[in-house]
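Structures given as structure tokens follow.
Shared between the two complexes below is chain A, which pairs with chain B and chain C, respectively.
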Partner chain A sequence: MNEVLVRSGGLYTTVQDAGRDGHYAIGMPPSGAMDRYSFTIANLLTGNPGSTAALEATYLGPELEFTDSRTVAVTGANSSVTINGASAPMWTSLRVGPGDVLGFGPLKTGARPYVAISGGLDVPEYLNSRSTYKLTGIGGFGGRALAEGDRVPLGRAQDAPAEGTTVPEEFLPEFPDVVELRLVVGLCSYRLTENALNSFFDTTWKVTKDADRIGYRLRGGTIDFVERQQPFGAGSDPANVVDLGYPIGSVQIPGGNEPIILLNDAVTGGGYATVGTVVSADRDRIAQTGTGGYVRFNATDVDSAVQARQDRDAWLHKLRTVLSG
Partner chain B sequence: MAETTVRLPEARYEFGGDEFVFVELDREMSLQANFKAMAITGALRDRELEGVVDICPSNASYLIRLDPGKLHPTELVEELRRLEHSVGELDGNRVVSTRIVDVPVLFDDPWTKETLLRFRDNHQDPNVTDLEYAARINGFSTVEELIEAIGSAPFIVTMLGFVPGLPFCYQMVPRERQIEVPKYVRPRTDTPERAFGYGGAFAVVYPVRGAGGYQLFGIAPAPVFDGTQSLPDFHDRIAFPQPSDILRYRPIDRAEYDHVRSEVEAGTFHYRIREVEFSPTAFLENPDSVNRDLLEELYR
Partner chain C sequence: MSTMNAQLPGVFYRRPSPEQAPFIEEGGTVEPGQLVALIEVMKTFNEVKADRSGIISKFLLGDGDEVEAGQGIVEVDEA
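Showing the complex of A and B:
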């Protein structure tokens, strides 16, 4: 069997694909690659269909030893990538053979590098997806992050782009100091005073150390809730509502001072008031914002949210044409 | 009686970004709101609309996940408004095919007790157990009376979620007889797998070990989630509870707990289940009589 050897798992590296859709109603989040844009490009550079399982690393990437000839590509967070200790370019189709070792140095900007390997990571599917969901230990490689000594099976490689194929500059994501996130206000935003909502948008929020695939906790301001008579069944905290479903990307503010953005592995529902939802295309940017980074929210509407998603898809389509041309 | 006088407001439609539509049927919990959520989401499921990814009924609201590349969220909202007006009003003749299930629970067990004692600093009243606290604030003179009240009437599954397989259960009694407790002041970082908890007006069984904020009353010997699908009740799906299931939480002793655990470990356990036809209207008119019939059917 063809496999890749894990010499170091890095900080937190998991197998992810386009996600496990269709089980939200039982409380199962989709998981899947958090930065969908970088993930898709990594697959394009290795000749894989865009939704093929790849590796998502966090801050520090893994060290991988190959056992056969493959095309590999690293995208996402701006990292120092090496092959057999020599510097290698990101966003480029790289050719490796048996015994070659892909490694990572310190990260410069961003938070999550992606590693795609031609043929994809051939771990068993669980509910039609290879994405890791750590809470219940399902999917991916044994339902967990990669560790030293793991041997991850690889699929049969298809034709990959020529060695050295590189993504043009204009397609590379930016990693600004303050990340702007478009947010559709709504859901239970009626729980906030008008001043509180304005202050939410005026605040530059700092990402705390509690920031992972489940969600990001932010600090930087205090938000007031409208006073009320507690509705039956809601619970006594001003931020409580009768338990309801949470959209992925939705923002809640328990305690009034710690907004949480829910992400790919989040709980699917609960009893806190949600005040809006980050548009799906901008989850790519959250994924590349790490602890200590800053975010701001900009109000937008549902039409712009759909447009942002279409624009990203069109951009990826254009890149596909450029790379195959 | 109180439940029959509930008048629901106009539904409120909200966009959860480009991938979700959230519909709030009421800000407070009632069986009427939940029956309406189940009716609308059931009708939407029957439509098999292209672009609808997930249909998630919840307690007094519902959430739809969609693929905006196939269905624009504003188009979905138009369809949902139509459904609200065609099926949202409770039709007196509507009958729901569902299941009533016996769910054994060991109350005041050593495992959740050990956990709750570790987190006394997170609790409203650090000097008593969660059961003692809940009995007191709900006007029961003893813990036994509280446990008896939980066992005396079944619960209906009004929502699944939080984590895979977790059933939010609302007791099928008028509002004045509902047990209501606050969630922990600060959530625990640990909860045993299969713990039976209570928060707001909802009872839950925690599918997996993890964080939680509900008051801890006991533990169920049988799982609600089985990712390996090895038990017979899980062959078709990984989560046992389904929306609108009627669950009877039956207090058991330690000997029965140990017996059920051994069956679960041997892979032979299966829940006691009866298929029933349930009329929401008949229930709202006379809950005690409908509950009596349901329990009779379950243990016949």
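Showing the complex of A and C:
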């Protein structure tokens, strides 16, 4: 069987695909690539369908040794990529052979590089997805992050774009110092005072060390809740409500001072008021904002959120045409 | 004199736990691979190991300080 050898797992490198959709009602979050845009492009550069399982790294990339001829591409966070120690370009179809080693130096900007390999990572599917959900240890490679000595099976290599095929600059994501996130206000924004909602939007929030695939905890301001009598079944924190389903990307503010954005591996429900939801297209940008980074929220509506998603898909479709041209 | 930089963002610690002594004091000697600090991020404590040998001349961060990826954490007088 063809496989890729893991010489170093990096900090937290997992197998992810387009996600385990359709099981939210039983409490199963979708997991899947956090930065869907970069993930999809990595696959396009290796000739894979856009939803093929690839690797998502965090801060420190892995070191991978190939055992056969493959096309590989690195996208996402702005990284120093090497092949056999020599610098190699990101966002480019790279050809590797048996014994070649792909490595990473420190990240320059962003937080999550993606590595796609032609043929994809052929780990077993669980509920129709190869995405890793580490909290319960399912999916991906043994339900966990990659570690030194792992041998990850690869699928049959497909026809890939020519070596050196590169994504034009206009398609590359930006990594601003303060990341702007569009937010649809609700469902429980009625719990905030009017001033608190304004203050939430006026604040530049800093990403704390508690920021991973489950959620991002932020700090930078204090948000006041409307006084109320504690309802039966709700906790005593002003941010508590009686149980509620949590949209992916939703923001809750336990204690009023540490907003949490729930992400791909988050619980699907609980007892905190969600005051808004980051639009799906902008979750790509959260994925590339690491601990110590800054975010701001801008109010938008559902129509704009849907439009943002369609715009991203159209943009990826255009890139597909450019790359195959 | 050279500076070792953090490879990860997070919170910087010089000791294995609050009541224990630092991994190494200023003036101490390090060898490549030696544990000098921890960086906490994503609910894990990640070891920071020396990548060179020499004498620790100065820590650029205090215990519990926030650290950014690429930030200098310690100055080493290379032997």
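Keep in mind that, in the parts below, the second predicted complex is superposed on the first by the 325 of 325 C-alpha atoms of A that agree within 3 Å, B and C clash if a C-alpha of one lies under 4 Å from a C-alpha of the other, contacts with A are read in each partner's own complex, and residues count from 1 in each chain.
The working rule: contacts are C-beta pairs under 8 Å (C-beta built on N, C-alpha and C of every residue); 3 or more make two chains touch, one makes a residue touch a chain.
What you are looking at is a predicted structure, and each value in this text was computed from that prediction instead of being measured.
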| item | value |
| --- | --- |
| Room on chain A for both chain B and chain C (clash or fit) | fit |
| First, second, both or neither for A:211, with chain B first and chain C second | second |
| Partner chain in contact with A:235 - chain B first, chain C second, else both or neither | first |
| Which superposed partner A:58 touches (first chain B, second chain C, both, neither) | second |
| Per-residue touch tally on chain A - higher for chain B or for chain C | B |
| First, second, both or neither for A:106, with chain B first and chain C second | second |
| First (chain B), second (chain C), both or neither touched by A:280 | first |
| Which superposed partner A:75 touches (first chain B, second chain C, both, neither) | neither |
| Touching partner for A:302 - first (chain B), second (chain C), both, neither | first |
| Smallest separation of CA atoms, chain C relative to chain B, angstrom | 11 |
| Residue ranges of chain A touching chain B (in the complex, touch as defined) | 21-28, 127, 135-138, 184, 186-188, 231-237, 240-250, 267-271, 274, 277-280, 302-303, 305-306, 308-310, 313 |
| Interface residues, chain B side, partner chain A - complex | 14-20, 22, 24, 26-30, 53-63, 65, 68-69, 72-74, 159-166, 168, 170, 175, 178, 180, 182-183, 199-202, 207-208, 210, 225, 227, 237-239, 243 |
| Residue numbers on chain A that touch chain C, as the complex places them | 11-12, 58-60, 106-108, 209-212, 290-292 |
| Residues of chain C that touch chain A when the two form their complex | 5, 7-11, 40-43, 46, 66-70 |
